[in-house]
Amino acid sequence: MATVKLWSDAEADADARVSAVFADIRATRGSDVVNNFWRGLANDPALLERTWSALKTVMGPGTLDPLTKELVYIAVSIANGCPYCIHSHTAAARAKGLTEGQHGEFLAVVGMANQTNALVNGMQIPIDAAFRVEEGP
Amino acid sequence: MATVKLWSDAEADADARVSAVFADIRATRGSDVVNNFWRGLANDPALLERTWSALKTVMGPGTLDPLTKELVYIAVSIANGCPYCIHSHTAAARAKGLTEGQHGEFLAVVGMANQTNALVNGMQIPIDAAFRVEEGP
Amino acid sequence: MATVKLWSDAEADADARVSAVFADIRATRGSDVVNNFWRGLANDPALLERTWSALKTVMGPGTLDPLTKELVYIAVSIANGCPYCIHSHTAAARAKGLTEGQHGEFLAVVGMANQTNALVNGMQIPIDAAFRVEEGP
Amino acid sequence: MATVKLWSDAEADADARVSAVFADIRATRGSDVVNNFWRGLANDPALLERTWSALKTVMGPGTLDPLTKELVYIAVSIANGCPYCIHSHTAAARAKGLTEGQHGEFLAVVGMANQTNALVNGMQIPIDAAFRVEEGP
Amino acid sequence: MATVKLWSDAEADADARVSAVFADIRATRGSDVVNNFWRGLANDPALLERTWSALKTVMGPGTLDPLTKELVYIAVSIANGCPYCIHSHTAAARAKGLTEGQHGEFLAVVGMANQTNALVNGMQIPIDAAFRVEEGP
Amino acid sequence: MATVKLWSDAEADADARVSAVFADIRATRGSDVVNNFWRGLANDPALLERTWSALKTVMGPGTLDPLTKELVYIAVSIANGCPYCIHSHTAAARAKGLTEGQHGEFLAVVGMANQTNALVNGMQIPIDAAFRVEEGP
């Protein structure tokens, strides 16, 4: 189904750079699973390293809580139409505590945003002066 | 600039349905500003009523905090390329407490999601069995 | 396959709000089929109610004929890449009289619009004064 | 603002292929206006000829009425976020008889489609057997 | 799975316009395979003819090399989320010499572009005067 | 116009991390210009550093030529509707030798891809077995 080879553990073990990233994924997540996304990226070890390093940093501890970050990730993935990403990050959000009630409420916000995006674009609404706040206080 | 007329307050005052919605927007937000989006929707009072009613419900109190909802809204608007929506909801997020640090972190998540969406789609990665959790416990 | 549970009829029957919406869907369409979209939305009865109510109103009788509305719906679904939506609304359009000839012509318009959208965006064409008609008569 | 030169009438007159297309645009539309899109495409006369020829055929007489075709065109342009295309085809739709009431109803359908596209994608709803009608009678 | 019938060779043979296009596809590509896209378009012979004619011209010899054209095609298909198009044009690119190393590098560019598109849209960056080069020398 | 502050040179000079990135941008490009994108990212020095580092690597020397990379970048930006990105990378492509003839040919490919993406999605064409090459030799 994929347009690239998905690396097996045996293939990854035979490549120092790939096996190092796979080991870090397992250690960071406390799980033996390395999901297919990383097995596809293994075809380009430099891209694999950069992507994992950036993802680990961006989704790691910061000023936004981890569940909020997952919801933002899913929202983008829905708008872009990426089924794999929607499945993987919905599973991640549930692992981080997303309840059914919150999921429904989240979907309602995503649906609302897509609806009003279309209405705004369709009417080509000019930006209100009040929203031009970037000049700051 | 718009493809529809943006209703002035005087025009809104002359239409019972439109003026009722504008009054509720002002009362709900505790502000005299009715932004251009609603002034464009006023051309179709039924659409104005439905959209405001749904938005008020969806963005109102629930199990997700208000700032998280705004971030999800902006994330969708960025992916869809709606400048007005990005401006208006970034302003709303700041009014609800979004700090510069959180904004940078949010943008990093949105950027990361768009990047990995493209990598996943480009490789056409098949969904891992582990993510097929919908059958539930 | 879904990220949420799809409610069976038995499960729907046990929830007053969900069963009321399912009954109205069946009555409105004159068919016993409740398609999967509604069975997924049932996880959030308030979202189910709002979405069905809005859809029934928007797609119901008005100043645009029902087939035109379905074609607009499919056009959006193609641009957004929603396979389920394309399948369900193409089936609905056929049920409302869409012929093979009209379907081919519709696809040609959708393809043409996507092509010229890209050409316009690629060249960043400025909007002609003649199209700025919003100031009205 | 554009990334390409917009050809003036004088420049077009000096190129046999470009001036022939501009003349046909004017004759077909019964108007002296050649809008900016064609003035940008003039940089590649072959692309200009192919695009105009295809557009004239696709948007010309057929089994779908001209206004329906314009609405489908705008719907795609909204979903793709092409401001120029939204402006030009909304103006064209009005010239073909679109009323304010129809415009509001059209926007409501576009908004609804975008909302349900997002809800369907977010839930990853599997396609009902009933929609798999392509095998036909 | 499709929303239209996919024409068999026998059905194509019975239609003069469709069989002429299928024959030209086979001759141009030096292969007996006519892929499903053309079998779907066959339902509208005029659309089939126009699309094949335009594709043959656009993807044929010119000032850009054939592999570059395929990469541009895949990039658009990834951004639009078209699995069929990604599969078919990745196969075509490989047939035209795309190596694994180039594929990884290409995916990295596509991922980077999607990421920075989102960052730019999220920050609503104004266009630098230096990029407004269209006035030309 | 932006949703964030665009850092002046004076502001950048006062921050060690930002000034180091700005200096590297200038040295790498052999130009004193630091375009607005980086001035917006400066609000989050870590995001600025990561993005510049990744972009420098991805767009730097490799197995694809620099102009091909720029064309892929523009193609994605057109499909995503990012005016800033289209302007900046079209300027970059011209600086790397893109001719008017190549630009027209490139736009034709992008337009064709968007058109066939829509036709494929509209017909929901199933992937040919011949394109499922990922198992490889």
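Lettered A, B, C, D, E and F in written order, each chain numbered from 1.
In this text, a contact is a pair of C-beta atoms (placed from the backbone, for glycine too) under 8 Å apart; a residue touches a chain by one contact, two chains touch by 3 or more.
Composition by chain, UniProt nomenclature: A, B, C, D, E, F = AhpD family alkylhydroperoxidase.
Predicted model, so just to flag it, every value in this text is computed and none were measured.
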Worksheet, complete the sentence: Intersection of contact sets, chain A vs chain B, gives C, D, E, F
Worksheet, complete the sentence: If you tally C-beta contacts across D-F and across C-F, the winner is C-F
Practice prompt. Quick one: report the Å distance separating chain B from chain D, using the average Cα coordinate of each chain.
Written response: 27
Item to complete: Could you grab the centroid distance between chain A and chain F? Build each centroid from C-alpha atoms only and quote it in angstrom.
Response: 20
Worksheet item: Which residue numbers or ranges of chain C touch two or more of the other chains?
Response: 1-4, 46-47, 50-51, 54, 76, 78-83, 86-87, 90, 101, 105, 107-108, 110-119, 121-124, 132-134
Worksheet item: Given which chains touch which, is the overall layout a line, a ring, a star, complete, or other?
Response: complete
Practice prompt. Provide the residue numbers of chain B that touch chain E in the complex, in ascending order.
Written response: 74, 78-79, 81, 83, 86-87, 107, 110-119, 121-124
Worksheet entry | Of chain B, residues touching chain C in the complex | 1-5, 46, 50, 54, 57, 132-134, 136
Fill in: Touch list for chain A against partner chain E, complex
3-4, 43-44, 46-47, 50-51, 76, 80-82
Worksheet item: So in the complex, which bits of chain F are touching chain D?
Response: 81, 86-87, 90, 100-101, 103-105, 107-108, 111, 118
Practice prompt. Enumerate the contact residues on chain C facing chain D in the complex.
Written response: 1-4, 6, 33, 35-37, 40-41, 47, 51, 54-55, 58-59, 62-64, 68-69, 71-73, 75-80, 82-85, 87-88, 90-91, 94, 99, 101-102, 105-106, 108-110, 112-117, 119-128, 130-133
